[in-house]
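Some structures to go through are shown next.
Shared between the two complexes below is subunit A, which has subunit B as its partner in the first and subunit C in the second.
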Partner chain A sequence: MRTDYLAKRVAQAALTFFVTVTLTFVLYRMMPGGPTEALRNVILQQQMGTGNTIDPARVERLVAQYTNLQSDAPMYKQYIQYMSSVFLEQDLGESLYEDASVTSLLAERIPWSMLISVYAMVIGYTVSIVLGAVMAFKEKSRFDSISSIVVIGLNSTPYYVAGILLIFFFSIRNEIFPTGGRVGLGVEEGFNILFMQSIAYHAALPVLSMSILGLGTALTMRGNAVRVLGEDYLRVAKLRGLRNSRIATQYVGRNAILPMYTQFMIGIAGVLSSSVIVEQIFSYPGVGLLVYDAIQVRNYPVLMGSLIVFTLVTIVAILIADLTYGFIDPRISSGGTDE
Partner chain B sequence: MSNTDTIVEVSNLDVTFQMDRGQSHVVRDVNLDVARNETLGIIGESGSGKSMLASSFLNAVIDPGVSTGKVMYHPEDGAPVSVLELSDSELDRFRWEEVAMVFQGAMSSFNPVTKIRTQFRETLQDHGRDIPAGMDRAHELLESVYLDPDRILDSYAHELSGGMKQRALIALSLLLEPDLLVLDEPTAALDLLMQRSIVTLLDELQTEYDLTLVFITHDLPLLTTLADRIAVMYAFNLTEIGTTDELLYNASHPYTRALLDATPDLNVPVDEMSIIKGSKPDPVDRISGCSYSPRCPIADDRCRSEEPPMMTVRDAHESACFYYDDAPDAVPISAAPDERPSSGRTTATEGRDN
Partner chain C sequence: MSSERSDDSDGLGDLFDADTDRETVPQTQRLKRQFDLYVAAPFRVAMTDWRAIVGTAIILMFVLMGTVGVWLVDKPTSGDAPVLEPPFQNPSYVLGTDTFGQPIGAQLIHATPDMFRMVFAGAVVSVGVAALVGVLSGFRRGSTLDTILMMITDIIITIPGLPLVIVLVAIFQPGNPYVIGVLLGLDNWPGLARTVRSQVLSIREESYVEASRIMGISTGTILRRDVIAQLMPYITVNSALASRRIIFESVGLYFLGILPFTTFNWGVMMNIAYEGNALNRPSMYHFLAFPLLTIFLMSFGLVLFSQGMDSVFNVRLRARHSATIDEGDSDS
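Moving on to the complex of A and B:
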């Protein structure tokens, strides 16, 4: 039963991935201009600038070399070619503007985005859970209503607005934090304290603005905790004279956080894609900024490549959430009856 | 009436809730003694305050309810404990060690995300008990409620049936060897067969573990098979209390008599069944005189202006009615005494709530 379910879920995930990549490919091809068109224009412009004669065959060769596409081949042939190089050779093509493969560009940028996104999520969720729990314990108190208003306010503020305000107050007015970048100039890279400090210093504002985005979870937590506080088993636990710390963690905490697990995993899936705007605001050279710049100059191989990575992360995170939920909540067993 | 045979003495107990539309008085000036090792049944309509009375035995009235008055608990040895004056940490020790409670909605009394074993173990741990010895007792208790200990302990609550959960909860309630077990409608969500078997079980457990039981229900027939004494509650106070036989054969409060008369009988067509006309008072209103007087057929001006105290009808039988002598004639019971409440039937005591 369990292995059946596992195989079924993995197959579903693989199919989703395949369909997404196909759809993206087709959509990009249907966009006016398209990747080959854009590249051909760039090459033609460069050639014209040098005053040399234009050899159309050479242009086509260059285009094919850069994009993994034979630009004059029918669409299905290009599709087969792109897919086979992606899936069989794990080759995402070359960037149109830098002399680097898409894979190496992504590999260089992703850790930085992960850094700020994961910290933002961990901070956002921790604060939300604690705040939500306290709000639930003090339901209907002044603290509860004020916090609710503040959280709803913050949650309704787009994080890029928060980001701009943070830059204004902490970087321009007060110069506490830098306005952009990911490490200070002249800091030696490596495993040393100065380098770490510089990283934390530069990541502070992006992390802060993204954590604010996650604060809405506090309201979910509050709602869950209020519901659990009214459950019969909680009353029995109190009647049994259990320690308050045990009731707070094992009874209220566990039962209230459980429904948020799936949400959390989907949140992980969104960490890379949500970084696009934040990284642009803070000029933080992560994968988000890479995508942003690629859109500006129609760097299609990079766009396609990062989209594939985003899709993969999303699908894997949701797959893990699905497969592990049964371990966390015993009521959701994955069809297996081993007891 | 304080003597060594009394385990709990309730005097002048009030339970109140502050609400927007006024103070809701859900238990009014109740006086009640529970004798050691007896089974006391408390019967009443929904909303008559019986659950609140029961919760007060552990000072566990749900927020924002407040119990005032006096609840004295007499341990087998040692000084009496004034339950309503205990601090939070004293209460944590008192509950489950001296008095345990199995209450309404026991279907969801277990934490759904941990195994039953964990919940037995943490109870022992938080009360500073020896865990191996305690778990041995858990095994013994589960066996005495006819469950397979290892199977139950290794299960999650959702893997058990309603009856199994209820029995597991009863076993859990006896884990720390309490002297008094308060059961608030422990059979409400179970089918008739399971109700029966739980009642039989409680009877056995009482003998085996020297328990005092306080059993709250609105199911009169169920009570008659289990209880030594029955207390009838109407509109937030006790109206009559006596031994089970006294109450069945010599009921002397018009309400008790009407209640007995309303017990459904399979041989009587539905439209001939007796019902108690009118509805019970609102806990926010202050009624003058006897709270049953608006529905009572023999009520007079005295009943409407003066509140009847508990009056002794005879030994071990008290009734809060000025006319306890006249009640048997004024409120006849159609069924013959031996056809009255018997197993497997349910009384129509559910009043119309406001």
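Moving on to the complex of A and C:
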């Protein structure tokens, strides 16, 4: 059963990735006038300075070089060509502006985006699960009602608004944290304390503003835990004289967290999504900022490449979550699908 | 008091009388009973929940802003007023003016109708698709249809929404608020679809649905009579949450300057203020602060509303709290 489950999950992940790459192909084709037409203006503009004359064949060639699309070949050939260059050669095309392949541009940025997203996710969810559980245990207390209001308030604050406020209070009014960048100027790169400190220091505000996204979980957790607390098996557990700590973790915690599976899955995609806006606010050079810069100049190959990479990261994250979830909930790995 | 009565009617009452009664009770009586069950009773419970009241009030305020407000306040144009007038000084522009001399209050008001159009289109698309997919695949659990639908759902859950929407927006440059709403709704449905599916699965196991099936009632009728009605709570709560997400995302995209600036929007105002370095210029604080506050208030209203509705609809929660609902919530 376990290997079966594993195989199914990996197959699902592979399929999702395949569909995403196909989607980018479809998106290229859906551009008004096709990729050639859409890219021509961009290419013309860019070549203007060099004084080269542009003939249609050259535009064709450039489009092929930038996007991996042979727009004069029949559709199925284009598709096969595009897919094989992505899967077999890890070639996502070339940036229209920098003289670099999209793959190398992304490879340089991904670790930084992952850094802030992963921390935001871990912090956001840990805090909200613990908070939700405590709120449920102290249901109807002053603590419960105050933190409910605070959580609802934070939950109504878009993460970018949180980002703006954080920058305003912690970087501009009080210069505690830097306003942007990912590492201090003149800090020696490498495995040393100063470098690490500088990274943490620069990542703190982005992480904090993104972790707000996970906070909605606190209310779900509270609701679930309140529900579990009312179940008969919990009364039985209490009557059996089990230790409170065991009841809290084994009975309440476990049963309250499990139904939030889908929410976590969406959360992972959501946090990665949010990096586009957060990285722009904090001028944090990750994939999100790359997307932002690419869209200003219609750098389509970079946009498509980023979409592929964003999805890839999400797929891997969800796969990891899936596999660990199988350990916690035995029903899942034995083939149950009702969550 | 009121909650106790409504509990009875959808608890024991449903289980024992409903099916036999339905055949004999006249149409008007039936409508009356349904009205009491689905409209009056929830309303009575809602009036005891402060979150539902405040949430509804905030949403109503925005609706008024988008309808009556637009009609009362003139559309702002550049040079209407002195540039960067501070707030609460001049009664004709209470919230002050921006860098182009446009009153901020009027801009906020005139951004509301398009916001509602976006939210409406997005919520209809996401909740509609979610309900359809969830009910279909839940009711035909284990079939090929279920497998395919859930596979599509899982794929769309995985693709990060914002980057996809950004690529779509970059290609199509939509200016129409309905189109923007639909684009934003497209990646919004899978989560709710899964929730609806698991709800359908558990409703399917309920004894009254089983009874209907044994009695030979057609699938369509069971869906309509037993399943859809039970799902309304989830759909209402999630419409509010979907609306909040669409507001967040659309304002975020306007703020980044990715959506074309064809209309008034809170995000556009934030963008102009932020790009104008409002964070470092105290004279511009209000230009950034009021749009921020508006977005916060609207989503606060929607979240409160969904929370309130959740407790209204949640039978178990209501049963557990029925005795204490009055005193317990009025002091918080």
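To be clear about the criterion, the second predicted complex is superposed on the first by the 242 of 339 C-alpha atoms of A that agree within 3 Å, B and C clash if a C-alpha of one lies under 4 Å from a C-alpha of the other, contacts with A are read in each partner's own complex, and residues count from 1 in each chain.
Criterion: a residue touches a chain if its C-beta (ideal position, glycine included) is under 8 Å from a C-beta of that chain, and two chains touch if they have at least 3 such contacts.
All values derive from a computational prediction rather than experimental measurement.
Peer 1: Classify the contacts of A:G270 with the two partner chains as first (subunit B alone), second (subunit C alone), both, or neither.
Peer 2: second
Peer 1: Between subunit B and subunit C, pick out the one touching the greater number of residues of subunit A.
Peer 2: Of subunit B and subunit C, the partner in contact with more residues of subunit A is C.
Peer 1: After lining up the shared chain so the two structures overlap, which partner does A:R246 touch, if you call subunit B first and subunit C second: first, second, both or neither?
Peer 2: First partner only, subunit B.
Peer 1: If we overlay the two complexes on their shared chain A, which of subunit B and subunit C does A:S85 touch? Say first, second, both or neither.
Peer 2: neither
Peer 1: Output check: A:K140 vs subunit B and subunit C. Expected answer is one of first, second, both, neither. What do you get?
Peer 2: second
Peer 1: Which subunit A residues lie in the overlap of the subunit B contact set and the subunit C contact set?
Peer 2: 339
Peer 1: Okay, in this complex, where on subunit A does subunit C touch?
Peer 2: Answer in residue numbers: 12, 15-16, 19-20, 23-24, 27, 30-32, 38, 140, 145, 148, 152-153, 155-161, 164-165, 167-168, 172, 219, 223, 226-227, 230, 262-263, 265-266, 269-270, 272-274, 276-277, 280, 291-292, 295, 298, 300, 303-304, 306-307, 310-311, 314-315, 318, 337-339.
Peer 1: Across the complex, what residues on subunit C touch subunit A?
Peer 2: 51, 141, 150-151, 154-155, 157-164, 166-168, 170-172, 190-191, 194-195, 198, 201-202, 244, 248, 251-252, 255-256, 258, 270, 274, 279-280, 288, 292, 295-296, 299-300, 302-304, 307, 310, 314, 316-317, 320, 324, 328, 332
Peer 1: Quick check on the complex: what are the subunit B residues that touch subunit A?
Peer 2: Touch residues, subunit B against subunit A: 58, 60, 62, 91-97, 100-101, 103, 105-115, 122-123, 126-127, 154-156, 158-159, 169, 172.
Peer 1: Flag every residue of subunit A that touches subunit B in the complex, lowest number first.
Peer 2: For subunit A paired with subunit B, touching residues are 231-233, 235-243, 246, 250-251, 254-255, 258, 329-331, 339.
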